[in-house]
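Heads up, the next two complexes both have chain A, just with different partners, chain B and then chain C.
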Partner chain A sequence: MTVPADAVSGRRELVAGFVQRHGALAVLALSVVTASLVFESFASFDNASGIAIQSSFLVIVAIGMTFVIICGGIDLSVGSVFALGGVLAAYASRWGTLPALVVPLAVCGAIGLLNGVLIARLRLAPFIVTLASLLGARGLLLSITDEGASTYLVPRESSFVEIGRGTLWGLGYPVFLALALAALAGLVLQRSRFGQSIFAIGGSQDAAAMMGVPVARMKVLTYTLSGLLAGLAGTLNAARLGSGVTILGVGLELDAIAAVVIGGTLLIGGAGTISGTLSGVLLLGVIQNVINQIGNLGSSYQLVTSGAFLAVVVVVQTYLSRTQRLH
Partner chain B sequence: MDSVPLLSVRGVCKRFPGVLALQDVSLDLPAGQVHALVGENGAGKSTLIKVLTGVHRADEGEIAYDGRPVDFHQPKQAQQAGISTIYQEVNLIPLMSVARNLFLGREPRRFGLIDLPRMNREASETLARYGVHVDVRKPLRSLGLGAQQMVALARAVAIDAKLLIMDEPTSSLEPREVETLFGVVRELSQRHISILYVSHRLDELYRLCDEVTVLRDGRVVHTGPLAAIDKLTLISKMLGRDLGGDGVTKFTHDRRAALPGPPQLRAEGMDKRNLLHDISFEVRRGEVVGLGGLLGSGRSETAKAIVGALPVDRGSVWVGGRRLARLSTAAAIKAGMAMLPEDRKAEGIIADLSVRENIVLAAMPSLHRAGLVSRRRQDQIVDVFMKRLRIKASSPQQRVGELSGGNQQKVLLARWLCLNPRVLLLDEPTRGIDVGAKAEVQALIDELARAGLAVVLISSDLEELVEGADRVVLLKAGAVVGELAGDQVDEHAVMGMLAHG
Partner chain C sequence: MAEKLQRYGVYAAVAALLLFNAIFTDNFLQVANLRTQLVQMAPVVLVALGMALVIGTEGIDLSVGSVMALAAAVVPLYLGFGVWPAVAMALAAGATIGLVNGSMVALVGLQPIVATLALLVAGRGIALVVADGRLKQIKNQELLALGQPAVVIATAAVIAVVVAVMLHRTTYGRQLVAVGGNRAAANLAGLPVRRILIVTYVSCGLLAALAGVLATARLTASDPSSIGTLMELSAITAVVVGGTPLTGGQVRVLGTVAGALLMQLLRATLIKHNLPDSTAQMVQAAIILVAVYIARGRTR
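Up next, the complex of A and B:
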C-alpha cells in the first residue's frame, strides 16, 4: 500500500515501452556478438564497413517508410521508385553531376507527391495507390530502357561516381549520408511540429483533425518525402555501381517494411522511432552477412531467417502493447 | 450588452443520408454568456457543434462570428479564429504522451525545435492547476477517463479562445473534477469569453448557465433565460411530453427484498497487486448491489476482474453456487455474466458495424441452432430493444458510428441485456444518456432485478447509486471499507463512510 497503484503499472509500462523501442537494438547486439564469436572473419573492419555500405541504401528508404507507417499508411512503391531513381541518375549523368542528382529526385518526388495527393485528398487506400505506382514506376523504367534491354552507364570520368564510391576513414560516403539523414529524421520526428502531426494522424486521424492538425497536407508531405528518399537511395546506388541497373529494387519495399517493423514501429501507426528502424536495417544486414559467411547455405535461408525474426517481433510487439493497454 | 453577438447562427440545416439532423436552427451567443444547449439523444447537439467548428459543413444557413460571416472548412480554421472545442468523446491521441497531447500544434520551441523539457514542465504545471498530478511523459491512454477529460479541458482553455464549446464535458468526471471545471467556466465567463455548454445533467446547467436553447429532432423548440424555466418544464420541452413522477431518478424507492437461496454471484479474495486488495462481496438474486467509491477506488477494476477482463493475482468467483474454473471473459459469459464497460469507445462499440450487428454480437453463440443463426430471431430481439430503449437510428442497418453518443451507449446496453444474463454488471450505465432514456434504463434495471437477476451497479452519480441499489459496498484504494444496507443507504451515509472509512 506504500506504492501508489499507477507508479508500478507506470514502471511496467515504461519497461514494456523500452523493450518495444530498443528490443531490436538488443537483438542486434546479441547477433553481432554471437557472429563474432562463431566466425572469425565477421569481426573485421572490412566486413563491418561492407555491411554498413550495403545497409546504407536501405536505411535511407526505410527512413521514409518509418514516416509513412507512423502516420498510419504504407508505401509499396519504394522498390520501383528506387530502381527508377537509379536508372534516371545513370541516364542524366551524361549531362553532369548536378542533373544526375536533380532529375531522379524530381521524378521520384513527383511520384511520392502523386501518391500523397491520391491518398490524402481523394481518400484512396494507401495500399492500392502505392501498389499502382509500384507498377507505374516499373513501367516507366522499362519504357526508358527499351524493356530493360539497355543499361545506362555513368561516364567513367564523371565525378558523380565519387559520391557513391568515395570513402572517408574507410567508410563509404553513403554511410555518412545515411547516418546524417537518420539523425535529421529522428530530430524531425521527435522535435518538430511536422513529426508530432505524423504521430497524431497515425494515432487517430479524426482526433488529429479535430485538434487542428492539417491532416491532408501532412500526409501529402509524408508520401512525397518517402518518394524523395527512395529516389535518393536509388541515385546513390547508381553512383556506386556506375550504372543504372533495371532489375534492382524488386522486393525492396518489403525489406524496408520489415526493418521498420522489427525496429518497433507499430504497423497500425501512431508509434515508432528512427533509431529502431536503424537497428532493424542493420539486423537484416547482419543476418544476410552471416548467411553469406556460412557459404553453403542458400540465400533462401536468409529469407527464412528474416521472416522468422519478423514473426517473433510482431508477436512480441502485440504482447507488449497488450500489457501496456491492460491498465 | 453588446449589440452584435459573438456568435450568430441563422437558419442552419444539415442533412445526413436518411436524417435531417438540423433544421432551420438559429442561435445567438453574446460575449461572456454561458449558454446551455440541451435535447434528447440524437436531437442534433453534437451535429450543431460540428457544423459550427468546421467538422461538417452546413447545407443551408449562415453563421456569423465576431461580426463577420464565416464558413469553416476545417476545425483548424475555427481554432485559428478563436473557437476552442471539446468534442463529445475525448478526442485526443491515446498513444502520445500527455504533454504532447496538451501542446499538439502549439509546442514551445527553441532554435526551431520543440523544447521538450520546457513543454513537459509547463504541462505538469498546467495540469496540476486542474488537479491532475501525473507523469506527463506517459502515454495519454494510461490515464483514467476523467483525467483525460481534464487534459482536453486544459488544452481547450490554453488555446486563447473567445468562444469555448463543450460537448458533455462532465460525463466521465468525478464530483471534485466537476467543481474544477465549473471554476474554470466561471473564470472564463468573467473574462468575457463565451461558452456553449452541452450536458444531460440538468442540475449542472442551473448552476452554470445564463441562457438555454432546447433542440428537439433537429429544431430549436425553445430559447431563453434559464432562470425563467423550471426543470420539469425544461424536460418536457426536450422530450416533447411529460416525464411524469418527481423527476430525478426512476428507481422505485422501496428496496427490494433479495430472493432466498444461495448468492447468485460471489467474489472472494480478489487481489491484484496495487489495484485490488482482498475484495469479497456477494449479490443475491433479485438484488442490486452498488459499488461506491471515488476515482481510483477500484470500482471498475473490481467489475472487470470478476468478468475476467482484468487478470488477478488471486481470487475466485462463484456464479449460482458454482465456482468458475478460471477467470476469463469467455467463461464469464458462459456462466451467465454480462458486463457493460465504462469506456464504450475503447471497449465495446464497433463503429463500422450496424446497430443490429452490434446488438446481437454477444448473443450470437446462444442464438444459433446447428451453426445457423436465425435472422428472424435476431430481428425480433433487435426490434424489441430498439423500441424499449428508444434507440434513435434511421434503421437497424445504420452504422453505429453514425449514431449520436447517447444512442451508442444504448446500443451497448442492449447488447448485454439481450444475453438474458443471470448476473449483470453495469459500469456507468446512464453516462451520456438523456433524462428520458435514463429513466427508462433505470426502470429496466429495476424490472430485471425483480425478475430475479443479480445486478452490480457502478455509478459516479451518487443519487443514482443510492436510489438504485439495495445495498452499497464501499471501496477505497482498492479495498472494501464498509457496506450499507436497507434504510442505511443514503447519500450522507455514503459520503461519510468514504470520508472516514
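Up next, the complex of A and C:
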C-alpha cells in the first residue's frame, strides 16, 4: 500500500489541530448528553438556566484571563479583585446605582493598571506581581470591611440589585451580559489591532517589538482589562447577592486558569480562543452540576474531577501541539 | 550594589526588624515569644525549602498546600499501626503527588505551573475524600509529641542543613542547579535531566508532607479542609524574598530560611503593635514587589 507520507502526516496534523481547538466543546457536548440521559432532572430549563447564571461570573473573569494568557502572562489577582469589586459595589450602592458600578470598576481597573505597569514597564515576572496584588487586594478588602467583620448590604429599594437578579426569557441579566462580552472579546481578539498585537506578543515578544508592536502599552492594556473584568464580575455578583460578601473569590483565579486552559488556550501564549474559554467554563459548571445531582457526593469529588480533567486536558494538549510542531 | 542588596538584603531586613522589636516591643526578647515565632515559621520553612529546590530547576510547585492537607488526612488512618507507619504513609502520599508532578513536568513536558495547579485542585479534593471531609481529633500521644515546639524547630533546622549539604556537596545538587540554569545545555552535557526533575518534585512533595504531619501534630487535630491553604504563596514569598531568582539556576537555602523568618517577624511586629491583618497583607505585598524588583537587576 502506498499512501504518501505527506498526506498521512498532514491529516494527523489537521486532526490534532482540530481536537486542540474544539476538544473542550466536544467533551462538553458529550457530558451534557450523558448527564441528560443519566439524570432526569439535568435536562430541564431551570437546571440549564441555573448553570448559565452560575457560570456567567466565571465567564467574565475568564475572558480577561484568556487575553492575559494569550499575551504570555498570567493573572493570579483576579480572585481577590473579584471579591474587592463586590464589596466596593455593595458599599457604594448606598449612593445610587451609578456609583455602585463606577467605584468598583475604577478601583479594580487601577489594580489591573498597576499590575500591567509593573509587568510591562519594570519587567517584573507576571506570576509574582499578580501574586503580590492578590495579597494587596485582599488586604484592601479587609481594611474597608473592619477586617472582614462587616458585610455591606445593598439597600433594599436600590435598582442596583435588578442588574444581578433581573431576568429576561427566564435567564438572568448577567448571562446576557457575559455572552455579549464574550462575543465582543472574540471580535476584538480576532479582528482588531489590539487582538492581533497580543497574539504577536504571546508568540514572540521580541519579534513583536521588532515589528513595531507597542509591546508595553498592549500589555498594560491587557492587565487593566483583566482587572476591570474581574471587578465587573464581582460587581454583578454583589448585585445578585444583594451584599458584598468578603470571603468570596478565594481560588477563583485557579478556576479561571483551568477553564482557559481546558478551552485550548496555550499557557505559553500566542494561541487561544474565547469560544474555547466559554466551553471550558461551561464544562466546569456542568461537572459541578452533575456532582450536585449525584447528591451524596461532596464537593470534594468536584475538586478531584476538575483537577483530573485539567491534568488530562493539558497532557493531551501537549501531545497534540507537539504533533503539530513536528510537521 | 544591587547584587549585594539582593544577596544580603534579607539578612539586613531581619536584623533591622529584630533591633526594632528589641527596642520598641514589650516582652519581645523573651524565650517564650521567640520560641512561638520559630514554631510558627517552621512548617513554612520546610515547605519553602522544597519550593526553593523546585524553583532552582526553573519550576514552581503550587500543590504544596494540598499535599499538606493530604498528609494530614492520611495520618489518622494509619495511627492504629503505630505512629511511625502513619508518618511513613503520609510521607509516601506526599512523595506520590510529587512523583505525579515531576512526571508531568519531566516526561510529558507540561509547564510546572499547570501540572501542579491540577494537583492543587485535585489534591485537596483527594484529601477531603480520604478524610470523609471531617476534622479528626488526634489523641495518640506519640504523634502529639512530634508537635512539641522543640521537635518542630529541631526538625526544620536539621532539614535546612540537609538540604544545604545536598545542594552544595552532592552531585545531585550541582546537577539540579545546572538543569535550572540551562536545561538544553544540561541535556547536551549528558545529565539525566528527567530524573533530576522528578527527584526534585518528589523531594518537594516529601517536605510538604512532613510539614503537614508536624502541623497536624501541633494542631492536635487533622483538618484537611483548612490546613496548608495559601501555603504555596507563603512558601514562594519566602523563597523570592530570600533572593532565589524565579528564573532558576540558583538556590539560596539560608536566604530562604531568612525569608521565612522575615515574613514571620513582620507579621508578629504588625500584630504586636495592633496593626490589623489587612495592613499586614498589604505590607507583605509591597515587600514581595520590592524583593523581585531588587532581584531583577541580576536575572536579566
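Annotations for the structure displayed:
The criterion applied here is as follows: the second predicted complex is superposed on the first by the 315 of 327 C-alpha atoms of A that agree within 3 Å, B and C clash if a C-alpha of one lies under 4 Å from a C-alpha of the other, contacts with A are read in each partner's own complex, and residues count from 1 in each chain.
In this section, contacts are C-beta pairs under 8 Å (C-beta built on N, C-alpha and C of every residue); 3 or more make two chains touch, one makes a residue touch a chain.
The structure presented is a predicted model; accordingly, all values stated were derived computationally and were not measured.
Once the two complexes are laid over each other on the shared chain, residue contacts for A:Leu187 go to chain B alone; chain C is not touched.
After overlaying the two complexes on the shared chain, residue contacts for A:Arg156 are found with neither chain B nor chain C.
In the superposed model, C is the one of chain B and chain C that contacts more residues of chain A. Looking at the shared chain after the overlay, A:Gly203 reaches chain B, while chain C stays out of its contact range.
By the touch criterion defined above, A:Leu254 reaches chain C but does not reach chain B.
By the touch criterion defined above, A:Ala311 reaches chain C but does not reach chain B.
Contact residues on chain C toward chain A in their complex (touch as defined above): 60, 104, 108-111, 113-115, 117-129, 133, 233, 236-237, 240, 246, 276-282, 284-286, 288-289, 292-293, 296, 300. Residues of chain A touching chain B in their complex: 1, 3-6, 8-10, 13, 187, 190-193, 196-197, 199-200, 203-204, 206-214, 266, 270-271, 324-327. Residues of chain B that touch chain A in their complex: 55, 74-76, 79-80, 85, 87, 91-96, 100, 104-105, 107, 112-114, 116, 134-135, 138-139, 141-142, 155, 273-275, 277, 296, 310-311, 477-478.
On the chain A side of its complex with chain C, the touching residues are 74, 118, 122-125, 127-129, 131-136, 138-143, 147, 254, 257-258, 261, 267-268, 298-308, 310-311, 314-315, 318-319, 322.
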